[in-house]
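What follows is a single structure, and I will ask about it in a moment.
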Amino acid sequence: MYYIGVIGAADCTPEVYRLAEEVGREVAKKGAVLLCGGRGGVMEAASLGVSQEGGVAIGILPGIDRREENPYLTYSIVTGLNDARNAIIARSSHGIIAVCGGYGTLSEIGLALKAGVPVVGLKTWDIKNPRGENIIPLAKQAEEAVEMILSLAGEGRVGNGDAG
Amino acid sequence: MYYIGVIGAADCTPEVYRLAEEVGREVAKKGAVLLCGGRGGVMEAASLGVSQEGGVAIGILPGIDRREENPYLTYSIVTGLNDARNAIIARSSHGIIAVCGGYGTLSEIGLALKAGVPVVGLKTWDIKNPRGENIIPLAKQAEEAVEMILSLAGEGRVGNGDAG
Amino acid sequence: MYYIGVIGAADCTPEVYRLAEEVGREVAKKGAVLLCGGRGGVMEAASLGVSQEGGVAIGILPGIDRREENPYLTYSIVTGLNDARNAIIARSSHGIIAVCGGYGTLSEIGLALKAGVPVVGLKTWDIKNPRGENIIPLAKQAEEAVEMILSLAGEGRVGNGDAG
Amino acid sequence: MYYIGVIGAADCTPEVYRLAEEVGREVAKKGAVLLCGGRGGVMEAASLGVSQEGGVAIGILPGIDRREENPYLTYSIVTGLNDARNAIIARSSHGIIAVCGGYGTLSEIGLALKAGVPVVGLKTWDIKNPRGENIIPLAKQAEEAVEMILSLAGEGRVGNGDAG
């Protein structure tokens, strides 16, 4: 079983919302578990997409009150860690899709790559290394992003364990 | 939906293992989600009990490698926080059952009570306040413990939110 | 150099405040660094005692705003982790003195003992193991508590490293 | 009193080491406290620079053993949180200087900006927002970087509190 993290900002445009929703649907169609930050915007949209396909979405919440969760999560974890919870999403995922997003998403990309977890970008930060290369592969569509991340997650699977 | 945390040591006697297994079965029979530390001993036994009843057990792992999980978890979260993950189990549960246990269990009791989350003990630490009263109610059997914690969780429900 | 954690509740009686203040003075007189939760009550009193002797008190704050610190800290660390910060105080100390205290203090005792860090109690929780023995030694006076914890910290020193 | 975080990779070239060392010296000359991840490379070099000027360097360590600290720290905090400790450095700093660095540094930049903490870059990631603008100002020399971050930290000071 794969855990795929979908990250992005709590505020997003309707266009990005629809894109994240489609990502959620594709994750669920592939039988993977969606991990996210559990709140609104991209996180909510991805959870909604998962729920439309009868999949499982787990939200890793930053605050101390479960009521900050979005209504489409299957399960939620209340961390009380504020932004330090981003490291948990990175560590718990076999691969991460960054959808659009702000500074929290930027931190998540860094934390995931540091932990050796692959990241695929979708209309997100365009970050180049000193040699001018993108540090993460970029997808153009939701389905493509999910296929890319599952492929990358499969290659890295040995090192990250398996829940079943 | 209720989240019930079951805490206890990673090493335990066969007798305690069977007790925790029964707690897991009762949690699942009541339709609650089991949260635990995800590893062996009491955590494994409770997860096994849940799996026997077709319920859901989520493990909140301390390390950075999912492979430390026990084989009976439905889902696992890889925190990399070491013992600081105990605070997440406390915050994420509507109520906690402490089964036997060592110092980690003691810390979990303190963290839960600090967060306003009720705790029921089962062959666990007998801790008295300065007035000589037990700080947590003690149960004698698995079924009794689960009924007690669900009753207490119900009373405290307003403050801790609800996943659906 | 030793780091001695002093833990206790944010609300305390004037008598306990004076006791914690004396503990802080003794810690500073011995040349140890005081670690605490950085807030009021026992934490503030111990920091005040340290400042009276020209010592160093470091507060590990739970919230996201440095302004919750008490005015007697030499330095403060802003964790944003809420109660999960208790695990940091436990891990960072060579020994801990529990002064009076509530559930947070109880959790700290458990976290420290789990991490192999010695704890001495001063008018705090009286916790017995199944054989009826106190799990931590109890002191009656501030100076005695500091001497006891420095002695215990010295024995455990090999395993916990040294800042200089 | 200002807390200035200096972040960068645990492995670095001799050139970057000398640059970080100079940053440490400048931070200490200005009377600010240096915060860092406490380990080698850029973290060690900045701590060394601070020690040369008689300043204070505090290391926020990721592991559970103080012995991973570099030898130039004044104080160290043992978090046991792995990469989640990056969020503590971000929250605890009035401003951050990113020196060269890898994915951990990238995450730190994101965490700091998310928390509203200014960041200045020195031979580090060149990250542009969708409008093609650098998301952090870039300095060319150590002294310039420290002057820039202290100026930015001063502007943001109201919101981040003050240790003295």
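Chains here go by letter, A, B, C and D, matching the order in which they are written, and residues are numbered from 1 within each.
The criterion applied here is as follows: a residue touches a chain if its C-beta (ideal position, glycine included) is under 8 Å from a C-beta of that chain, and two chains touch if they have at least 3 such contacts.
All values derive from a computational prediction rather than experimental measurement.
Trainee: For the chain pairs B-D and A-D, which is connected through the larger number of C-beta pairs in contact?
Mentor: Of A-D and B-D, more C-beta pairs in contact link A-D.
Trainee: Have a look at C-D, B-C or B-D and name the one that copies the A-C interface, over half of its contact pairs being the same.
Mentor: B-D
Trainee: Approximately how many whole Å separate the CA-defined centres of chain A and chain D?
Mentor: Distance between chain centres: 28 Å.
Trainee: Report, in whole Å, the distance between the mean C-alpha point of chain B and the mean C-alpha point of chain D.
Mentor: 39
Trainee: Any chance you could list the residues of chain B touching two or more other chains?
Mentor: Touching at least two other chains: 64, 79-84, 87-88, 91, 115.
Trainee: Quick one: label the inter-chain contact graph as line, ring, star, complete or other.
Mentor: complete
Trainee: How about chain C: which of its residues touch chain D in the complex?
Mentor: 33, 56, 58, 60, 64-69, 73, 75-81, 87-88, 91-92, 115, 160-164
Trainee: Would you tell me which residues of chain A are touching chain D in their complex?
Mentor: 81-88, 90-91, 102-111, 113-115, 125-128
Trainee: Note which residues of chain B are touching chain D in the complex, please.
Mentor: Chain B residues touching chain D: 64, 79-84.
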